[in-house]
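Take a look at the structures listed below.
Paired with subunit B in one complex and with subunit C in the other, subunit A is shared by the two complexes that follow.
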Partner chain A sequence: MKVAATNQALALLLRIFVSMGAFVEVGALTFSIGAGARFGYSLVWVIVIGTVGIAVYCEISGRIAAVRNEPLFALIRQRDGFRSGLLTLVAVTSANALTCAAQIGAVAMLWQLLSGWPYRLLVLLALIFFILAVWFTPKEWIERVFGLLGLMMIVFVTVAVSLHPRWSQVAATALPNLPPFKTRRDGLLYGYYAIALLGSILLPYKTYFRASAAIEHKRKVSHIVPDRVTWIVGFGLGSLLPVSLLLIGADFFAPRQIEPQLPGGAALATASLFGIAGMLIAVGGMFFAFAGAAIEMALSGAYNVAQFLGWRWGKLGTPRSAARFAVSWIALLCAAALIVLTGLDPARIVECSVILSVVILPFTYFPLVVIGADRRIMGDRASGKLIKALGWLYFMLITLAALAVIPLFILTRVGKG
Partner chain B sequence: MNRRGQRYLGIRALIAILALAIAAVVGVIKLAGASADSHELAVIVSVLRSDAAATAVLSDALARGQTGTTFARAQAAQQRRALDTSLRQLISMRVGAPLERGRVQAMEAAGRLDVLLALLERDTLRSSDGDGIAARSREVLSTMLAIERSLPQS
Partner chain C sequence: MMERPLDLLRDVLDHTIVDADGAPCGTVDDLLLEGGPGQLLKVTALLVGPGPLVRRLPRWLERAAAWIFGRRYARVSWSEVESISATVTLRSPAAKLGLGRWDRKVGRWLARIPGS
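Up next, the complex of A and B:
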């Protein structure tokens, strides 16, 4: 009995660490550091709000999966019909492809920092690496290896702490605030960074991937509470990473008047404080975090397409047992790599992927909120008052963000000022 | 209203929403294009300054043995590419004319950021404080180029 309880506790701890390590992808990294470099600590509150939001939506999607044991996109198609469901599918898949492209580009850039090899060659090698990794590695090991090794990014927490931030000020900025702006443009730029940072934390692939994974791992109603703990604690701890990156932006880059746009910039801060070992740990952590995100995005896109079209899906069996599903994730990875190979600037791909994700956020989270609260579908496990209220509150927030982001994108000249 | 009527009502609403969205985007782009000259120049200076400072930190880290040469060179090259893109984007937003975009692309093909900046100065620095900003840009750029040239060759 004691052994079983210990095993359960260890399994929960492992899931928490995996969730923590998988919290940051390249968009969150770029916008967190950029926000700190431009606006000091003042955008910490966006990370807090985003973390609560993603935990709420993951809770809803995980609960739907545990209660119904039916794929989310199958439910969306049943409830909303083919055409309306197709709109959601197209929106989510486009965002997945672009965000996956951003991760592949970032991985190639990290490899370039270590090897000095040509960028495009490394993009092709990264594509081959991802296909082989997903093809041959069992799904739970993909999550564990990339999630746990992504925890090397904790080095950024150490860097942030060693820069001696003003903690009282950091705590004060955990609540929504507006710093004084010199010009109207500064205000617009603040809004742009706030929305982009929120979007990078609320990327929809996280919820869809975890819902499908829950069905694959046969999560039941009895798992709802431990899963809830995983989201809250894992994401809560995971949010320390973007907060640390923001602090590094404020305390390391801002005084030097640097606005880093690339992952190598983050590694540079670590190198300046901890030397080559620090730099290698930072690059390693970013690699596993971005690679894990790229794989989750590709699989998430394939889950959605296969579930919507009623194909056999799943990563637990061999690729042949769900051939069209396997073709879908390979196609998504190839499409993402092609986007990078067109020669678009990687930093622009990262920015545009986050902005596109913000635009489609309402389309992706609306069905979740509605299905999660629908008693005809969820029975007694329909969202309670708090989750329902939070779900709709965040839906309003992301709708406002989606409406505002394109005008801000143009008015701030892609965040340039 | 029957189902067919409702469907057409939905299509009309969708067309109206799309038209409004297009009008809003066009309006916003025009508004953005009508902004003051000096602002773009200030942004360019800030982009250049940021890159120069990042290159200086990189060079410093290399000198102290905190990074390897491969890392330093690759990071400097990545920064340069990002800087080129930022400048091209700002120039095409500011200038907008197809001829200018063509010339900017030609400079890009030649891989000459300094020439790109000269083009920028000649064609776009016409505001009252343009000369001062141009001088600062030139100064920052030359510092940056000097630091980059000082990095050891692989």
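Up next, the complex of A and C:
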């Protein structure tokens, strides 16, 4: 009995650490550092709001999976019909492909930092690495290895702390605030960074991937509470990473007037404080975090397509037992690598991936909020008053963000001010 | 045992089809009904495949989608339906009904690769 309880506690702890290590991908990293370098601490509140939002949406999607044991995209199609479901599917898959491209580009840049090899060759090598990693590694090990080793990014927390931030000011900026702007353009740029940072934390692949994983791992109604703990604690701790990156932007890059370039900029900060060892840990952490995100995005895209069309899906069996699903994630990885190989500036791909994700956020989260609260589907496990209110509140927020992001993108000349 | 009348649009259309072995093998993409005006209207088959799906797209998209995915489909007799719940469960294995062909075909290609 005691052993079972200990095992359960350890499993919960593992899930929390994995969620924490998988919290940051290259978009969140770029916009956190950039926000700190341009606006000091003032955008910390966006990370707080984003973290609560992603925990709320993961809770809803995990609960739907546990109660219905039905794939989310199958439910979306059943409830909203083929056309409307297809619109959601296309929106989520395009965002997945572009955000996955951003991760592949970032991984190639990290390898280039260490090897000096040509970028395009490294993109191809990264693609081969991802395909082999997913093909040969069992699903739970993919999540564990990449999630846990992504925790090496904790080095950024150490860097942020050793830069002696003004903690009272950091705490004050955890609530929504508007700093004084010198020009109108500064105000627009602040809005652009706020929305992009929010979008990078609320990337939809996180919820859809976890909902499918919950079905694969046969999560039941009895797992709803431990899963809630995982989202709240794992994402809560995970949010320390973007907060630390924002502080590094404010306390390291802003005073030196350096425009942080991804992802080498983040490594530069660790190198200057902790030498080569610090840099290697940072690069290692970023590699596993970005690679884990790329794999989750590709798998999430394949899950969605397969569930929508009623194919066999899942990563627990062999690739040939769910053949079209396997071809889908390989195709998604290849499409993402092709986007990078077109020669687009990697920084621009990251930016565009986050902006596109913001535009489609309402399409992706609307079905979740509706299905989660639908008593005909969820019975007495339908969303309670608090989750329902938060779900709709965040839906209004992301709709406003989606409407504002393109005008801001143009008015700020692609975030350059 | 269903407590309310079967709502074809809500309970059947667009639901995942599961074969006798418990494997997903497509979705109910359309339904075939038979019976003229004033006669008894009967569901005779489930239509599964890109053909019926393409027809449900907006007209401007239909042609392009048909060109890419084709218009083929499998017809599964209504008498093959074992039960209707969250999914539509069939009495026979998918292969016997001409469903999940691509999964088997692609599966055979993948089987040649190590680790598959």
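Going forward, the second predicted complex is superposed on the first by the 416 of 417 C-alpha atoms of A that agree within 3 Å, B and C clash if a C-alpha of one lies under 4 Å from a C-alpha of the other, contacts with A are read in each partner's own complex, and residues count from 1 in each chain.
In this text, contacts are C-beta pairs under 8 Å (C-beta built on N, C-alpha and C of every residue); 3 or more make two chains touch, one makes a residue touch a chain.
The structure displayed is predicted, hence computed values, not measured ones.
In the overlay built on the shared chain, the residue A:Gly265 is in contact with subunit B alone; subunit C does not reach it.
Legend: residue contacts after superposition of the two complexes on their common chain; A:Trp167 is shown touching neither subunit B nor subunit C. Look at A:Phe181: by the touch rule set out above, it reaches neither subunit B nor subunit C. Touch criterion met: A:Leu411 reaches subunit B, while subunit C stays clear of it. By the document's definition of touching, of the two partners only subunit B reaches A:Met109; subunit C does not. In the superposed pair of complexes, A:Arg320 makes contact with subunit C only, with no contact to subunit B. In the overlay built on the shared chain, the residue A:Phe136 is in contact with subunit C alone; subunit B does not reach it. Annotation: subunit A has no residue touching subunit B in one complex and subunit C in the other. Across the interface of their complex, subunit C is touched by residues 68, 70-71, 74, 77-78, 81-83, 85-86, 135-136, 307-313, 318-324, 326-327 of subunit A. Partner subunit A is touched in their complex by these residues of subunit B: 24-25, 28-29, 31-32, 39-40, 42-43, 46-47, 49-50, 53-54, 57-58, 60-61, 65-68, 70-71, 73-75, 78-79, 81-82, 85-86, 89-90, 93, 154.
Per the touch definition, subunit A reaches subunit B in the complex via residues 109, 112-116, 185, 256-262, 264-265, 267-268, 271-272, 275-276, 279, 345-348, 406-407, 410-411, 413-414, 416-417. Interface residues of subunit C, counted against subunit A in their complex, comprise 10, 14-17, 23-27, 29, 53, 56-58, 86-87, 100, 102-111, 113, 115-116.
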